[in-house]
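In what follows, a structure is listed as structure tokens, so that the remarks can point back to it.
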Amino acid sequence: MTKGRLEAFSDGVIAIIITIMVLEMKVPHGDDLAALAPLWPVFVSYVLSYVFIGIYWTNHHHLMHAVERVNGRILWRNLHLLFWLSQVPFATGWMGENHFAPLPTAAYGVVLLMAAIAYYFLVRAILAHHGRESRVASALGRDFYVVAVPMAFINRWVAYAIYVLVAMIWFIPDSRIERRLAKD
Amino acid sequence: MTKGRLEAFSDGVIAIIITIMVLEMKVPHGDDLAALAPLWPVFVSYVLSYVFIGIYWTNHHHLMHAVERVNGRILWRNLHLLFWLSQVPFATGWMGENHFAPLPTAAYGVVLLMAAIAYYFLVRAILAHHGRESRVASALGRDFYVVAVPMAFINRWVAYAIYVLVAMIWFIPDSRIERRLAKD
Amino acid sequence: MTKGRLEAFSDGVIAIIITIMVLEMKVPHGDDLAALAPLWPVFVSYVLSYVFIGIYWTNHHHLMHAVERVNGRILWRNLHLLFWLSQVPFATGWMGENHFAPLPTAAYGVVLLMAAIAYYFLVRAILAHHGRESRVASALGRDFYVVAVPMAFINRWVAYAIYVLVAMIWFIPDSRIERRLAKD
Amino acid sequence: MTKGRLEAFSDGVIAIIITIMVLEMKVPHGDDLAALAPLWPVFVSYVLSYVFIGIYWTNHHHLMHAVERVNGRILWRNLHLLFWLSQVPFATGWMGENHFAPLPTAAYGVVLLMAAIAYYFLVRAILAHHGRESRVASALGRDFYVVAVPMAFINRWVAYAIYVLVAMIWFIPDSRIERRLAKD
């Protein structure tokens, strides 16, 4: 089996995920800045997820570049990765709508973690299928730290970024947001 | 005619189907676990359908791999298969929203059955176009049981999985769901 | 310029159009047949549009198969065709929601007509770019009636199908629909 | 790295963007012309954005045609361009729903400007990766004005088109719109 359709299908799913998130930003009814203001946490969480999905797409691009052939196990581990990536728009919307409240933010972190784990198992299946002496194994041996380890750091960095955002939200005395939160 | 565009178009439609289903999971307004609770039947039915669509995609992948050329009949039988697969998000949403009630669950089963029948007719059209002595016929002869027969078992398995889920719902004394059902 | 991306982009847009229409079928809240009943005109108009878009996709497939190269004019006439096809979900939803009322049905016909005209201009641009002595010209000379003329008949056939449906709706004494129309 | 997946992914995202905008046109409940009337600013802004996205897609097509290979920087600058293009449906919807009011129209202009800047940086990254003596550099040297300069003019032209539309809205004494605006 060739890798062409796996790449095409993954590109399709990731392209849809990355643009579905925009649908979460509902067009406001007013035409002034006050109408846009409630949207900013949604927008910030959207940008965060866009970068995150972008990182996965570029890493997937690098990873599949070295792959020569695929089997059923690789197809399913790739579908498993896409499953967790497809949860990102939901987690993003929930976190954004609730202004980075603890539980939605933790749920967002869990989705990122599951995606990282799924990615790790995909790499393992590819290595098992090509053998330790193959071109892809040596390429991955070189690139593994480029691909897998930063993924863990990225998760941590994303966590830090969220913590900084949450801190900013709680420390910046934005009375409009306070009033809005009071209403909820 | 080459099979390239048939594969690309099918990949596009299946990628959209598999991600559209996520849109059925509306982002809840609350930020606690109670806000997530009503979503769990939707999530369970979504995972079920994700696996189901994934099975069709990998089988379609295997099937088209052996195909050498296509004709109008194959294009239309493929469109027929995609039609029934595109009904899966609707059937999934209806079944999930009604907590696996009898009629929506039966409707879901009908959609799965129609997809299996459409797949069977697609295989027949491919065999008729390539001839009984062709490479694809011998490959399908070997793979036919791998491809077509499990499809029937999968449907039965899906039915069993749904029955187990329904049983769990009726036996587990989850008062929150009971109250929610009472309201509907 | 090669035709690869034009085909891939068209496949993407048509795949999205054909699956977006399913989103028009909102999941009903009830779990009995009465909950499904109001959906049937939406479903009928959806099946009609699915077949129609399918006809365009297979014809586009045949047309581009003979094309050797593209230019800016062909790209834009293809975008023009995709524009009118992308209006089909809206026209379908409007017609279905209003039970094939005269104006929405006429609007649906206009969208189909504009798509047929756009297709005709696309064929003309391809012929102009390849020359009258080219392989594509002779292939189109043979296929032109296969491609362009039936398109007009299909429109008429679609019109007839709609007329039959409208007649059925007005003649079948379905009191539920009558009551529903009375409410609107 | 080859450019195949960058093209496929960009085609997927742009195809989704261009069709998502149709979803902004909600199917009206009435079946007469009065039901369509409130939709016309949404439709006009949609056509404007369709043409705009179409310009970017054809230019991207021309640009990538000359590219021989890609690197991480090009992947990310392409993602940056797609990010701003993915904001177009939101900006279009906001501008259309508010009948080209000043702030939404300005926001629409900002999104177009950011996309043009992102496109410029993408071209720069491609030139840096291929070298000043490469085939792509000489092709871009010839095409640069075809690609980059009109982009600025297009933005200005789009601005002009919007100004003309706004002027028409304020000068044409359409009492229905006046009443509708009075209600908002």
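A, B, C and D label the chains in the order they appear, each numbered from 1.
One rule holds in what follows: contacts are C-beta pairs under 8 Å (C-beta built on N, C-alpha and C of every residue); 3 or more make two chains touch, one makes a residue touch a chain.
Everything numeric in this text was worked out from a predicted model, so none of it was measured.
Look at the contact of subunit A with subunit D and you find different residues on each copy: under half of the numbers used there are shared. Chain centres computed from CA atoms place B at the largest separation from subunit D. The mean-CA centres of subunit A and subunit C are about 35 angstrom from one another, to the nearest whole unit.
Here the spacing of subunit C and subunit D, counted between their Cα centres, is 25 Å. Under the contact definition stated at the top, the residues of subunit C that touch 2 or more other chains are 8, 12, 15-16, 23. Partner subunit D is touched in their complex by these residues of subunit A: 7-8, 11-12, 14-16, 18-19, 22-23, 25, 27-33, 36, 47, 50, 54, 57-58, 61-62, 64-65. For subunit B in complex with subunit C, the residues that touch the partner chain are 1-2, 5-6, 8-9, 12-13, 15-17, 20, 23-24, 72, 75-76, 79, 82-83, 86-87, 89-90, 93-94, 97-98, 101-104, 107, 184.
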